[in-house]
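Would you mind keeping the following structure in view while I ask a few things?
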Amino acid sequence: MTKEVIRYGMVGGDLEAFIGNVHRMAIAFEANTRLVAGSFSRDAEKNQKTGANYQLDQDRVYASYAEMAESESRRSDRPDFIVIVTPNVSHYAIAREFLRRGFHVMCEKPLCFEISQAEELARLAREKDLLFGVTYAYSGYQMVKYARQLVEEGKIGDVINVNAEYPQEWLIDELSGTASQTAKLSGWRSDPQVAGISNCVGDIGTHIEHTVAYITGLRVKRVAARTDYFGQPLDLNANMLLEFSNGASGVFWSSQVAIGHMNSLKVRIYGTLGALEWYQENPECLIYTPRGEAPQYLHRGAGFSRAMPPA
Amino acid sequence: MTKEVIRYGMVGGDLEAFIGNVHRMAIAFEANTRLVAGSFSRDAEKNQKTGANYQLDQDRVYASYAEMAESESRRSDRPDFIVIVTPNVSHYAIAREFLRRGFHVMCEKPLCFEISQAEELARLAREKDLLFGVTYAYSGYQMVKYARQLVEEGKIGDVINVNAEYPQEWLIDELSGTASQTAKLSGWRSDPQVAGISNCVGDIGTHIEHTVAYITGLRVKRVAARTDYFGQPLDLNANMLLEFSNGASGVFWSSQVAIGHMNSLKVRIYGTLGALEWYQENPECLIYTPRGEAPQYLHRGAGFSRAMPPA
Amino acid sequence: MTKEVIRYGMVGGDLEAFIGNVHRMAIAFEANTRLVAGSFSRDAEKNQKTGANYQLDQDRVYASYAEMAESESRRSDRPDFIVIVTPNVSHYAIAREFLRRGFHVMCEKPLCFEISQAEELARLAREKDLLFGVTYAYSGYQMVKYARQLVEEGKIGDVINVNAEYPQEWLIDELSGTASQTAKLSGWRSDPQVAGISNCVGDIGTHIEHTVAYITGLRVKRVAARTDYFGQPLDLNANMLLEFSNGASGVFWSSQVAIGHMNSLKVRIYGTLGALEWYQENPECLIYTPRGEAPQYLHRGAGFSRAMPPA
Amino acid sequence: MTKEVIRYGMVGGDLEAFIGNVHRMAIAFEANTRLVAGSFSRDAEKNQKTGANYQLDQDRVYASYAEMAESESRRSDRPDFIVIVTPNVSHYAIAREFLRRGFHVMCEKPLCFEISQAEELARLAREKDLLFGVTYAYSGYQMVKYARQLVEEGKIGDVINVNAEYPQEWLIDELSGTASQTAKLSGWRSDPQVAGISNCVGDIGTHIEHTVAYITGLRVKRVAARTDYFGQPLDLNANMLLEFSNGASGVFWSSQVAIGHMNSLKVRIYGTLGALEWYQENPECLIYTPRGEAPQYLHRGAGFSRAMPPA
């Protein structure tokens, strides 16, 4: 990418959507970025209104992603990268379209519904030498990166047990048959055809797996799982008994009906020489316990930060 | 029992043993107790030395529990109750002997190796109207009792998920083949014939199950478990996927090789109307989160205690 | 201000400065803002480089704030508001200049060195009906606002004691005579003529006072203070014994040499009917203890948020 | 003292008193102790009832401490040491009496009302080579001892600031004029002639000073204090600004009307090379932050304990 202004386009993410504005804010942390094109909604009025709010030229607000991809790919001031923040079912087709036309792509999760689709997108990005990312954002925390580094350096030895969880409470009302009132799972999120085959495991359980894999390099080898639906079309709670690729054991728990929790992703990794604990609700802290020593509360700030690797 | 001096006897628990002295100290919290008889060890010297240290009359220090049971049962100043703190394999026979002779009994866990033995002891105690306890001591905490009360009062509604664990680190050296140096699992603890068929699950995993059952009244209905031995004769780490009697899901994790933990029993219970969290390392606090409200840190002390039920 | 695009200008804040970019990022949280003019540094090269990086038209990057004020005030697309992020000594003159010309102003602290200057600026803003703010940013936290609301509603009764502190460790190297190596206090920050008469109390101690005043409405009536300089020209540590306007007692402690602390602003307020505790390192939580009840961990998220007033 | 049975006597501490039974329980932690004599109350009935409950020979339950001192000093099986748990005003005379007759003495605090009295008792104990202790029990914690050791080893360098506090809430009802109902300060505790000239500072503020002095070796050199009475005869809240013997600064806060606190003694000591934090409500943990490193949560248990000095 150029070192000057970085241009980007967005597919999905109208003003009423949740995650589009989060991407916009995150990108705005850098001074030299500018949103130049978008196809924010299939609803024409929402689409135009969002484009106007985001200060876009009107002719770069498109009725469809296909039109946007075709038109923008011919411009000299075309976007450097595209952000995809549409409902789950459409991620694959949109990502493929923009990768084919040579745009870098950052796509919301879940990436797709079939392994073969994911492999196709990965191959496409490699062939065209494009950046292609899926937003497993928790691995962006400095202390998660440092946890990974400690594992790589052998500081905790061989991993022997993993205990990780991601409880939330925001869908607790689904349990009592008042879901239609809260409408939290209404629309596409409650429709397996649009949302995909899993809600709790797919939406937040994947963050557990990704964070553990990112830190340890381990893959899940065998699973015994129990998912709870409480009469809803998609899962709201899940417990998993695991064996990892190196033979280590562990459990994953994800829930959207656990009272008292907001985004309580917690990962604890126990090795032969040390242990690590990271908690998303206090993300700048990593607890590292070397074998036979006291726990150290490593913190992105405080004196510790002076010895930290660059972010 | 009388309201004046309460007399007790002890089987096992010589001066070099760990748990005998713990019982002695706990009993000494009351002013009107007195240890009057004991059979502390099959090693005559240790036995005598312990009796002397505990200020016992020499003729009430016995070479065997059988001798002690027979002799003491004929005295008018016989012990009101007997504490059994011997290696696991002998608990059943000793408890049976003293119950048969009409003593109240407090026995260390595990109670026995066969369900039928437990049922026999329970029947014996009921028939003779004797107090008979096994030391699942964590349920003695005021806040564990209060958790049970909150569940009984319906404050958390129906239990839907349980996440409980008991990690320790004290056997971490067993992993590296240096066990023989530390000798922590030497002697009877490493011998399945004396210690019983499980170490980690039997010794600390049972505390998880008991605490959860005590608080919720729920029983484990189905289990999928994975136990890790790391080349030792008995288990050192275990993860369990569970279904409870009411259909709730959950996981239990117990470990003796989890670096950074001492006696980190933690129980979290999630219901349709609220959630409870209790942690053995901060035992006087119970976190209670009513649905739709903020977590409350209920504490045995502070203002909260004024509204507490009597201990 | 208009409801469409909001334009702003910045004085100070070149690319090497710390706080200018923080303001830029904070403003960028809203989609409809745009930086249109600036005078970022008296160093011409830094000034131009910053303007280019921020995508400004070159003719709106000014060599001095006076030139910027004069030129921009004549434009129809002039900035709606001006952000002042220069060294301390210049805040007053710059703020006065832009207020006089009818710009809304957000100024970094400290506002000025004399009470009379502050009063003049406040009068100017009132006369011209302009927004004029100083960045005591901690009072922007939702839970600090909620603490203020609880006090106003009488939930903690009359305040009887305040314990508040703001320890940092970042200047610890000043103690050992290695300051010249770290250069943290070099340049204008170590010069009382530019930085003002206080460093520790002026820079972070004022946050303590502001947060306490914001939450309680109380003013400091009497002070007995002890400031520590450790051989440096400006204070690095300070303890204060206080009497508040309602007769309540308290202490404030601020430090830049307290090992282990980053931005550990903590405010604890004790009243006749309840107590409040807020901690900047866990800012979305407010601990509220009603008299005779358990502490409640009020959290911006979790179930509690449903009952929260709008931000 | 002998290595066999250790005998002790008690002055004060009838069954309705608070602290006598605490001493009895603490002493009972050792197996080879026995309470053999006492003068528990000037109320004859209470005195006798307490002696009986504690299983004493009736002729060793005395109507007065003077009678007890005289009589017991002539016995060959006289107590090895005497515990004094009477109201404040009598401590000096009783301690002097037993020291003169050659008993080791452990006395409740406050020791006396005049410096000269304390010096006399100290001299007496030295002359007769007797153990003489005052129950500043918090310095008995293993981690407080370890904090002292770290300071002695130079691990935190020179102390530059101390922040310490002991808030409680138990007398909050005194504020609202309902004291006579709760009777918590009724009787001798509310009478300066019996309790001494201070309540809050004398009872708990002294623990702050003792703990800080014990850990750091520093003495308070200058004090500016503010004590709050809220219309009661004795102080209920106090803030102090301090200069220590080495020139370090600090504040002490003690309170009996701070809602949410039980026995929240907390000591934080900041030095040029490190910082220490110890909190009585989590007493087995000591937080040690070396300069430029992460905080370490030193714990009496966990792996850390293996490297601990013997208790």
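Chains here go by letter, A, B, C and D, matching the order in which they are written, and residues are numbered from 1 within each.
Here, contacts are C-beta pairs under 8 Å (C-beta built on N, C-alpha and C of every residue); 3 or more make two chains touch, one makes a residue touch a chain.
What you are looking at is a predicted structure, and each value in this text was computed from that prediction instead of being measured.
Considering every other chain in turn, the ones in contact with both chain B and chain D prove to be A, C. Pairs A-B and A-C differ in how many C-beta pairs touch across them, and the larger number is found at A-B. Of all chains, the one whose CA centroid is most distant from that of chain B is C. Least-squares overlay of CA atoms from chain A onto chain D yields a rotation of 180° to the nearest 5.
The centroid of the Cα atoms in chain A and the matching centroid in chain D are 55 Å apart.
Our note on geometry: chain A versus chain B, Cα centroid distance of 44 Å, whole angstroms.
The geometric centre of chain A is 34 Å away from that of chain C, both derived from CA atoms. For chain C, the set of residues that touch two or more other chains comprises 172, 259-260, 289-291, 295, 299, 302-303.
Within the complex formed with chain A, the residues of chain C that make contact are 5, 21, 24-25, 28-29, 31-32, 34, 53-55, 169, 172, 259-263, 282, 299, 301-303. Residues 288-299, 302-304, 306-307 of chain C touch chain B in their complex.
Taken together, the chain A residues at the contact with chain B in this complex read 156, 160-161, 163, 165, 167, 172, 175-176, 224-226, 228, 230, 237, 239-243, 249-251, 253, 255, 257-260, 270-275, 277, 287, 289-291, 295.
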